[in-house]
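Chain lettering (A, B and C) follows the sequence in which the chains are written, and residue indices restart at 1 in each chain.
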Amino acid sequence: MTESTPEQRGVDRDWSGIRRAANFRPVEWLAEKMIQGVSFTAIAGVFLIFLFVGKEALPVFLGQTDSRLIQPIIPSSEVAKVKPEVLRQYLGLSVRDFAAMDQDTLKELMQVREEGAKDIPEYARSDPDSGVNGSGWRYLIAPHQWSGNEHPEYIWQPVGNIQKFNIIPLFLGSLKTTLIGLFFAVPLALAAALYVSQLAPVRVKEWVKPGIEMLAGIPSVVVGAFALLVLATWLQSIFHYQVRLNAFVAGIALGFAVIPLVFSIAEDALTSVPKSYVQAALAVGASRWQAARDIVLPAAIPGVFAAVVLGFGRAIGETMIVLIVCSAPVMSWNLFDSARSITTTIAAEMGELVPGSPHYRILFMLGTVLFAVTFLTNLIGDVVINRLKRRLEGKR
Amino acid sequence: MSASPRPEASRSLSRTGIDWGSSLGTAVSLAATVFILLILFVILGNVVIHGLPQLSWRFVSTIPKKDFFDKDSAAVLPMIVGTSIRVLVMTVFVIPIGVTTAVYLTEYARSNSWYTRVIRAAISNLAGVPSIVFGLFGAGFFVHLIGGGIDDIIGATSPKWGKPALLWASLTLAVMTLPVVIVATEESLRAITPGLREASLALGATKLQTILRIVLPNALPGILTGGILAVSRAAGEVAPILFTGAAYYLADLPRSLNDQFMDLGYHTYILASQAPNIEKARPILYGTVFVLLLLTFSLNAVAIFARARIRRQMRSGH
Amino acid sequence: MAAPTSIPATNPPSSSEFKPLLETQNLELFYGASRALKGITMGIRENLVTAFIGPSGCGKSTFLRCFNRMNDLIDGVRIVGECRVGGEDIYARDVDVIELRKRVGMVFQRSNPFPKSIFENIAYGLRLHGIRATSEIEGIVEQSLKGAAIWDEVKDRLHQSALGLSGGQQQRLCIARAIAIRPQVLLMDEPASALDPIATGKVEDLIVELKKDFTIVIVTHNMQQATRISDYTAFFYLGELVEYDLTTRIFTNPAKKKTEDYVTGRFG
């Protein structure tokens, strides 16, 4: 056996060189650890968001918030007698802050509290609702007959002496605008998706798809401003309703924002139906439309469903459009009344709040609900689409 | 046995009648498509027709007076600056972290294991969470918890970091865009044929060398497109910055990361919702919207153009 | 291109007359729970061409990829048994896969040039291994392209994209890329299966040429190809090594019925 060809460059015949001891790569190792570290931090951050929003809302879910106008007062003279833990909670201090304060400071804080209680005007103090904790579950959900009202009512009125936090009007507002948006957007987007994926010539397709992508690229404040300036007037002149800015206008404008999403998902699902289905239909004499309607659409129906579900998630989470167009928290089924959605409420009221106050926590609770709803819709949409694609690709 | 129905022999292949049902269906779906495009053109056309005339050098290059609802003193320089900076700072955070995470998920993590699947599902679902929820998160987490914490540590008497600020708004947007960037990057990484990785590894390249010299350069176009789209989306977002950094009015441009800033989208919202006289504010509103659209669409156009170009290049094999 | 006469005419696995460069002892490979390779024992000699034949799914490609540990890239693959290259157990804990792959090159079924220029495709591997001087790289690029019998076709467009080459040219470029870093062993996984007859002929000529410098193991679907280029042939069936012998013997006078059925085209 010949040993080696002469002109061979550096052929290493000593195979023990493949042992790692001689080949440790510190840079490589470090870089991999860094990639790992950054990714884990990012992923942990993602989960942190779930936790944080939920944590801020937790006291509401547990019914531990207290938004009563008149709260029990501990006289400042009793500063030495009260248990420290009770005192800390009474003053709403963190453990660290509380530990750092001497008794005089605590006493001063208690006096401030006493003075504050005295500042509540007499008429408010005598209000029978002054002892009602509006942030309790019962008042969040069930109607309550507030003083001055003749019937139990659903009222969201977080500012004022007596805070009223009934969230039902907000849910109704969200539902109203979202459903109007979907009723408007879904048929349009689906029909367009069917046309673009099955019927349109390739050149038309190449123009329509970037166009719809562009529609998706319009910021929602811009859609909101357009609805305020132009759309509201047009719709009013067509439908002749009373209030110019209302849930209906907001819903249609929401539809503008939802169309691109529903379109792209539905189009994707329709396109993933194998071409052979269509060819088979055409071969037995169906028209392109009949093939699209009778073969492609039924095959892709889960994708259409997913598009609608995801569109719902997108619409219910949209903020700026509804915020600009309408925002009065009215409890009404009338489409042409104003409506305040969950998102708008958060956007309009979060700005000035004291962290940890009942109102603040209730807004986080609304955020958590929103989070959960959209997370669920996304999950359903994803699962349905993946299943569909796997089935159409023939992998079960 | 009865004869199965057959086309009569006399029926010719030439078209004898119009299939009304099919024509109608096609027409209706075509009409829907046209209607959607019409919405796009009406919005854009409306903004351009009313917004373009408002554009002047003074409008884009001066700082407005306090009464920015007045046509003569209205201007958008600080908003252009504010929006640009917040997008820039966001990009600096989100692109490296997002790309690194995507590289980890596609190249390192075991793709079939349950935790990778959970992470992937969580990330892709987070991409669909409403932006207002991120705003809520940013206010509670960045402004109050982190910012407030920094103030406690440095012993600031008045809030220095524990208040809405450019940095917090940018970070909130970064967290919001992170899933989008990760998903887009993962997609373009996975689009690279396994053959290329194998070829590199079979030559004795390490995993890192393969990623840096073969995988990332080839995925770059996709990453770039996804990144730019995410950035342009973020440029127009208002909800996440409502309580993390945007200001109603400031006489000065932001000087440091803990300053508040004015923002094009937020300003649009203020003009639309708080103008004492909407008719008077209308031209200014159009002008502002026009500038905002110009900014987001130029970013979008860059992304779409880049993608088209790269696709063409890939097809021709250069 | 008949097999060299100097080769001892004994059945290699049982032979003790030579020291094999690649050898396995009872090698088993599992994809999850399913056993893809069922206890393979064989030795492959240096500076010869050894062909693996067998019907699709018989494990020949999987077995080939054991020798440079490309199977590591697949989740859920587990290997039991021994696999030695140059006397070293390559699945030992302290083995550096990178170093191994530098010495055991591979050419794939589907040509996979990097989307870079022809020149860069070859220079990539060289730079990986610390060769930086431009003149040296240029020299090796030329030498490798000549070695892969493609130099004349590409010398005027070295800096154009490799994706512009024809399928056969791309595959020879991949071979040039693999030999540029001077491995000792060249694993080829059906290198000509996607090529037309003319390109296949060129690649086959090249393989015979390369035998001088490299130990070549080639997986092939094409039995004529195996007879044309290989010295030894191993026939695999359902994850087992059925027969391994001189190519001439496998194709003219196989010992096992199964082998005979396969090489005469009765199944597969």
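We take it that a residue touches a chain if its C-beta (ideal position, glycine included) is under 8 Å from a C-beta of that chain, and two chains touch if they have at least 3 such contacts.
All figures in this text were calculated on a predicted structure; none of them were measured in a lab.
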Chain whose Cα centroid lies nearest the overall Cα centroid: B
Taking contacts as defined above, which has more of them, A-C or A-B? A-B
So, what's the distance in Å between the C-alpha centres of chain C and chain B? 48
Can you compute the centre-to-centre distance for chain A and chain C, using the mean CA position of each chain? Integer Å is fine. 55
Using mean CA coordinates as chain centres, what's the chain A-chain B distance in Å? 16
By the touch rule stated above, which residues of chain B touch at least two different other chains? 206
At least two partner chains per residue is the criterion; list those residues in chain A. 25
Of all residues in chain C, the ones touching two or more other chains: 98-100, 103
For the complex, give me every residue of chain C touching chain A. 18, 46-47, 85-88, 90, 92, 94-96, 98-100, 103, 140, 182, 184, 212-213
Residues of chain A touching chain C in their complex? 1-2, 5, 8-13, 15-23, 25
Which residues of chain A touch chain B in the complex? 25, 28, 31-32, 35-36, 38-39, 41-43, 45-49, 52-53, 56, 187-192, 194-196, 199-200, 208, 210-215, 217-226, 228-230, 256, 259, 263, 287-290, 292-293, 310, 313-314, 316-320, 323-324, 343, 346-347, 350-351, 355, 363-364, 367, 370-371, 374-375, 377-379, 382
Within the complex, which stretch of chain B touches chain A? 19, 21-23, 25-26, 28-33, 35-37, 39-40, 42-44, 46-47, 96-98, 100-101, 103-105, 108, 119, 121-137, 139-141, 144, 175, 178-179, 182, 206-208, 232-233, 235-239, 242-243, 265, 268-269, 271-273, 278, 282, 285-286, 289, 292-293, 296-297, 300, 304
Under the stated contact criterion, what part of chain C meets chain B in this complex? 68, 70, 73, 75-76, 98-103, 105-106, 108, 110, 112-115, 124-125, 128-129, 160-161, 163-164, 174, 177-178, 181
